[in-house]
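The data blocks that follow each hold one structure.
Here come two complexes built around chain A, the first alongside chain B, the second alongside chain C.
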Partner chain A sequence: MNTKAPDYRLIGKPTRRIDGREVVTGRATYTQDIKLKDMLIGKILRSPHAAAEVVSIDLAPALALPGVFAALKLAEGKVRYAGQQVAAVAAVDERTAEKALSRIKVEYKTLPYVVDWEKARDASAPQVRDGKGNVEKFNEYSRGDVEKGFAEADVVVERTYRTAFEIHNPAETHGSVAYWEGDHLVVYDSTQNIHGVRDGLARTLKVPAANVTVIKKYMGGGFGSKLGLNEHTVAAANLARETRRPVKILLSRRDNAVCVGYRPSSLQTYKVGAKKDGSLTAFSLVNYASGGVGAGDEVSEPVVDIYKCPNCKVEEFTVFTNTGASRATRAPGHTQGALGLEGVMDELAAALEMDPLELRKKNYSTRNLGDTGLPYSTKGLDMCYELGAKAIGWERRNRKPGEGSGPVRRGIGVATSIWFGAGVPGTLADIVLYPDMSVEVVCGTQDLGTGTRTHMAVVAAETLGLEPKDITVKLGNSDYPWAPLSGGSLTTPSVAPAVRDAALKAVDRLKAVAAARLKVAADDVAMGDRKFFAKSAPEKTVVFADVYRDLRRETPFHGERTGYPGDAYAFNTFGAHFAEVDVNVETGRIRVLKHVAAHDSGQIINKLTAESQVVGAVTQGLSAGLFEERVMDDTTGNPVNPNLCDYKIATSLDIPEITPIFVDIVDTRLNNLGTKGLGEPPRIPSSAAIANAVYNAIGVHVREIPMTPQRVLAALKRKEAGS
Partner chain B sequence: MREFKIAQPRTADELAALLAETKEPVAMMAGGTDLIDELKSGVATAGLVADLQAVAGLAGIVPEKEGLRIGAMTKVVDLDEDAAVARNYPSLRQAARSLATPQLRNVGTVGGNLCQRPRCWYYRDPQVVCRKKGGFNCYAFQGRNKYHAIFGGSGCFIVYPSDLAPALISLGAKATIGSVKGDKVVPLEQFYALPEIDGRRENILDKGQFLKSVWVPAPKAGQKAVYVKLKERGTWDFALVSAAVTGVVQGGVFAEISVVMGGVAPIPWRLRKAEDVLRGKPVSEALVRQAVDEALKDASPLRENGYKADLAFAALKEAVLAAAA
Partner chain C sequence: MEKNPDKKHPGGVSRRDFIKGMGTGALGTAVLPPLLGQTIATRKGRVPVYDKKTITLTVNGKKASLTVEPNETLLDVLRDRLDLAGTKKICDRGECGGCTVLLDRAPVYACMYLAIRADGKAVKTVEGLAEGEKLHPVQEAFIEKDGYQCGFCTPGFLMTTSAFLEKNPAPSLDEIKQALSGNLCRCGNYAKIYGAVDAAARKMRGA
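Up next, the complex of A and B:
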């Protein structure tokens, strides 16, 4: 297979966002901006208690308030976390709605609860679910014989790593505006999944899916927290049905911390065995994860897949607490797993007195499941290592972790990622050509802010011999051709090939029409410089405008993303991050000085937005690595930092020079563009590379993120104590 | 947000009269960067908000013969950009510049900063009625307390969040308090009050009183002043621990020294025991260690904030060595 990137005119080059001007001038319409005639404001009353029996809900005092149009009971029986919805109102404005909420009388009988997930593991802790324990095994895996593997090892290292609860905190909080036109429901929703929300609403409200339209034009971020149908969207639709008016419900920043998910915590214990030369003999992982009333994340995929190792055993347990359910958070599981796996690889490298990068190369796999499964169709991780190491100046690292001196220590670290990103076969996109030479590309996908609009224009323009500005892009409406949810790094590898397919069909038709004009055979027609010409007689040309006019009416072309040989090959994305930090060993403060992110995500469609994606993900990983943590309090049953002041996110002063590198390997087995996903991969090894750089700087692995001054100082004390 | 009335007095006398007369609970609004948030979340309620924006004569930095007067309504950005401040009180400038973000400094005021309410996350939770809000318990005492006090907590373990206060106190500033009874001047150090005096407020302002200005004495010959702020992230962060040091150095020895820390106690915390150790001896890292150890004898860390003892040393070391350099 030829994996060299073709020499495209636009694809793979930087293209400015076609909607950039609209966004930065504030003219782009987000769900929060939607204002409809006679629109009411909905608000939701939430339980302040982490566990309670709802004895009664009296809506009458709220309904008696002038300006209140409807109120709903949303809870029955038990509430199991603080922030769970109890009732909702719709009123003429926000203040009236708030006042109405304060008048709803709810009688609670409070029940024992546990929100501290480590305490929840005690047998004596209150049960989160009726009649079931709080700890449940939810994943196990085994290959080979780990005991034999450890017996064969020259060195065995066992370490435990922890990751915190990380809240998505998109700039735009969740929100929905719902209205009914007869029996047809229209919902503007801040969602990563317009078709999924449509189907969910249809099921929940018992209306035909054909009678539901979900619209999302612009979005201020989701990161996984907006992947499914939300309770507040159902409430908005029900309130709209009852009041016969549009109803808008926006969630608050506090709501973002209590009821729309977060990345689950993890407590990962790895044991790894290796020969003196670094070859791995066995890996075991025991993980505890907590997702509140929902499930934790499986963090084991990196350890199962990435390094050549014949023996591997995994057990994962989820720990239930009286906290809102977790949700997928940018590369769920892998991000936590990378911190642990890549941490223990570095600690193993130190025990072997080996270069951490050499240890990784020594155990390089070309098949999945640790070199025991399917061959990777393409794997550019070796190039990521090579280019990334060169860009960071890997040779400048401390040969022995912590060998520097003085109060400020420097260090360099590496971490690896594997992720999916093959895209979804069956994704549809239409190209419509108009006789006036306008071109429309239509797909029921959504642009999360990643630049989907622009990449659709780039692919269509590349194929049709036009410029991105010539293309009218339509997306974000569930009435448009089907595309998958925007999660799992699916969007580009699903949508771009479908657009390409439709555009190639359009070009075929245009060539046939041109051939009639040129009076040559269709296969003799070529395209260039906004003209068609006969290859046999290049002086015979016809300009685009004439050919489009000859179409006589608007003409749609249906494109589809086709299948790939997933039973013969493994299709994955890869990446390697290199971070340089300095650490003040007196204040415990870490500064990231430089971050290099090298990625194999196949053919890059738009280099500019791809680089933005990497910069954003590295920033998010830095933020989670150093600052972000939802802190729960067992006394109140609530988070103590449900805001953007105490839940700390990296500021511009914390963000270093970030260098994205793409290795440009085109996997033509996968789809017609050889493109793979990029949304999540750069998030995966970013915190881990920084953690390993800190280890290289101070000679002790902090083993827990966020690496706050408190934890860095504690790690240094652990080092002094020699443990 | 509950409804409230708003008053916009034009003069300090009008303000004093308003505060004296009104029977409703009053909240004074300077820049409003924090008060608005408190009112919206319901943490603070007020029958009347007295907007100080239009009160004549409360803003401005005025050189006086014996020092510098800084009006309560002076914007933090103006303090940061003032030439006399930069020349004579470098620690005050460092404190102003380390505070919040440019946007907040453009709106926030000196008086607002000196009178701000605590950042304790229990206090800030509208669902929690803690000791500071008239309840019985300090939730931080046995709860989540990594940001809380290691000194001076008693029934309430907030830390005082101001950056300006430690710098000003170490510089020997005095506060002028206005009321219908006329002006009263107190050392800024005595402007703050521990929770054991009144758990519901952080300063000595009684009903009817307001902070009018602060006055900083002219620097002594050879005076050095440094402010060091340790925080978790690069900007927009309150101090984990901060240290303000003002001293007169003669031949590598502090002839006079004043040390005030932020982020460690419910009020800006004067470390007199540390001053006693540091005064009159050749400055060294070991001396700072000894000074901090002496001061830490008064500390009682909670479950999650013991690391602040390490940060106290790091902050004081940096400040003392910089001042002595």
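Up next, the complex of A and C:
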């Protein structure tokens, strides 16, 4: 297979966003901005208690308030976390709706609760679920014989790593606007999944899916928290049905910390055995994760897949608590797993007195050992290591962790990622050519801010010999051809090949029409400089405008993302990050100076937005690595930092020099463009690379994120104590 | 809930929520009516007590007169009353800079600024940054350098940047970082935004 990138005119080059003008002028319409005639404002009353029996809900005082049009009871029986919905109102404006909420009378019988996930593991802790314990095994995996593997090892290292609850906190809070046109429901929703929300609404409200349209023009971020149907969307639809008016419900910033998910915590204990030369002999992982009333994340994919280790055993447990359910968070499980796995690899390298990068290369795997045992169709991780190491100046690292001196210690670290990103076969896209030479690309995908609109325009323009600005892109409407949710790094490898397929079909038709004009065979027609010409007689030309006019009517071409040989090969994305940090050993403060992010995501479609994906993911990883942690209050069962002040996220003062590198390996077995996903991969190893750089700087691994000054100082004490 | 009033709002009531709630809450109805139209003594001298007040703003060059509640924020007035939805509500409590607008050319967080205080002042929002179809150099630079992802925090960054470059036309990277530190970008695109601000500065200097 030729993996070299073709010499494209537009694909892989930087292209400015085609919707840039809309965004920078404030004209881009987000769900928050939707305002419809006679629209009511809906508000949701949430339980202040982490566990309670709802004895009664009296809506009458709210309904008696002038300007209140409807109220709904949303809770029955038990509420199991603070922030769970209890009732909703729709009123003429926000103030009236708020006042109405305060008039709803709810009688609760409070129950014992547990929000501390470590306490929840005690047998004596209050049970979150009726009749079931709080700890449940949810994943196990085994290959080979780990006991034998550890017996064969020259060195065995066992370490425990911990990650915090991270809140997505997209800039735009979740929100929906619903209205009915007869028996047809239209919903504007800030969602990563218009088709999924449509199907969910149809099921929940018992209406045909064909009678539901979900629209999302622009959205202010999601990061996984907007992947499914939300309860408030159903409430908006029900309130709209009852009042026969549009109803808008926007969640508050506080709601983002209590009822729309977060990244589950993890407590990962790794044991690794290796020969003196660094060959791994055994790996075991026991993970405890907590997702509140929802599930923890599997963090084991990296340990199972990344390194060639014959013996591997995993057990994972979820711990239930009385907090809202977790949700997928950009690269779920993998960011946590990378922190632990890559941390223990570095601690093993130190025990072996080996270069951490050499240890990784020594155990390089060309097969996907965990899932299938199949060979990777393409794997550019070796190039990521090589280019990344060069860009950071790997030779400048401390040969022995912590060998520097003085109050500020410098260190360099590396970490690896594996992720999916093959895309979804069956994704549909249409190209419509108009006789006036306008071109429309239509796909029921959504642009989260990743640049999907522009990707679609780039692929269509490249194929049709046009410029991105010539293309009208239509997306964000569930009435358009099906595309998967935008999560899991699926969007580009699903949508771009479907657009390519439609555009290639359109070109075939245009060539046939041009051939008739030129009086040559269709396969003799070539395209260039907005003209068609005969290859056999290049002086025979016809301009695009004439050919498009000959179509006589708008002409659609249906494209589809086709299948790939998943039974013969494994298709994954890879990356390696290198971070350089300064650590002040007196204050415990970490500064990240440089961050190099090298990625194999196949063919890059738009270099400009691809770089932004990497820059953003590195920044979020830095933020999680140093600052982010939701803290629950035992005495109230509520979070103490449900805002953007006490929940710390990285600001412009925290950002290092970030260098994105793409290794352009085009995997033509996978799809017609050889493109893979990119959204999540750069989020995976970013915190881990920083943690390893800190280890290299101070000679002790902090083993916990966020690496607050307090935790850095505690780690240094641990080092002094020799443990 | 009723049995334990101390735990009524276990998440805590912020000073701001308290102020916003006053107009419609018990205090507003019980205390204010006898004082309406009068003045009360404060540490900064006597101030008038308003129920509602008619204010006049110049928004993006156009005069607007409207009657506002004393606890309405400039952000809500811009978005809900004047249909200028370009200014976004992200935290609604002065933590993120997403709602930054220019008030007499100085950047303010519109969510923390009561509309009555803006009476007689000139407000510029993201809708007023371009001159007709001609984009402001800061807007051009944010497109060229891909200085945003989801775009939701972008209006705030654009307003902060335009005010900053008026004061400091040739900033260093560190000065840019400082100037932007009151605006949060959750997509984490800061590194790209620095480039956009730098490019905008060059455009404005004609360099």
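A few notes on this one:
By our rule, the second predicted complex is superposed on the first by the 720 of 723 C-alpha atoms of A that agree within 3 Å, B and C clash if a C-alpha of one lies under 4 Å from a C-alpha of the other, contacts with A are read in each partner's own complex, and residues count from 1 in each chain.
Convention: a contact is a pair of C-beta atoms (placed from the backbone, for glycine too) under 8 Å apart; a residue touches a chain by one contact, two chains touch by 3 or more.
These numbers come from a predicted model, not from an experiment.
With the two structures aligned on chain A, chain B clashes with chain C. If you count the residues of chain A touched by chain B and by chain C, you find the higher number for C. Residue contacts after overlaying the shared chain place A:R589 against chain B, while chain C stays out of touching range. In the superposition on chain A, contact is made by A:A650 with both chain B and chain C. Contacts of A:N638 after superposition: both chain B and chain C are touched.
Touch criterion not met for A:D529: it reaches neither chain B nor chain C. With both structures placed on the common chain, the touch criterion links A:V615 to chain C but leaves chain B unconnected. In the superposition on chain A, no contact is made by A:E554 with either chain B or chain C.
Once the two complexes are laid over each other on the shared chain, residue contacts for A:K35 go to chain C alone; chain B is not touched. Once the two complexes are overlaid on the shared chain, A:L713 sits against chain B while remaining clear of chain C.
By the touch criterion defined above, A:F627 lies against chain B but remains apart from chain C after alignment on the C-alpha atoms of chain A. Put simply, of the chain B stretches 5-13, 167-175 or 275-283, the part that bumps into chain C is 5-13. Comparing which residues of chain A touch chain B with which touch chain C, the overlap comprises 48, 95, 98, 633, 636, 638, 643, 645, 650-653. Put simply, chain C touches chain A in their complex at residues 1-2, 7-11, 24, 79-80, 83-93, 95-96, 98, 125-127, 129-130, 135, 139, 142-144, 146, 148-155, 158, 176-178, 180-181, 183-194.
Looking at the complex, you find that chain B touches chain A at residues 1, 101, 119, 121-122, 124-125, 127-128, 139, 142-144, 146, 230, 232-237, 240, 304, 307, 310-311, 313-315, 317.
Considering their complex, residues 48, 95, 98, 584, 586-589, 626-627, 631-636, 638, 640-641, 643, 645-646, 648, 650-654, 708-710, 713-714 of chain A touch chain B. Those residues of chain A that touch chain C in the complex are listed here as 16-17, 20-21, 23-30, 32-33, 35, 48-49, 82, 93-95, 98-99, 106-108, 169-173, 218-221, 223, 252-254, 448-451, 608-609, 611-613, 615-620, 623, 633, 636-639, 642-645, 649-653, 655, 657-658.
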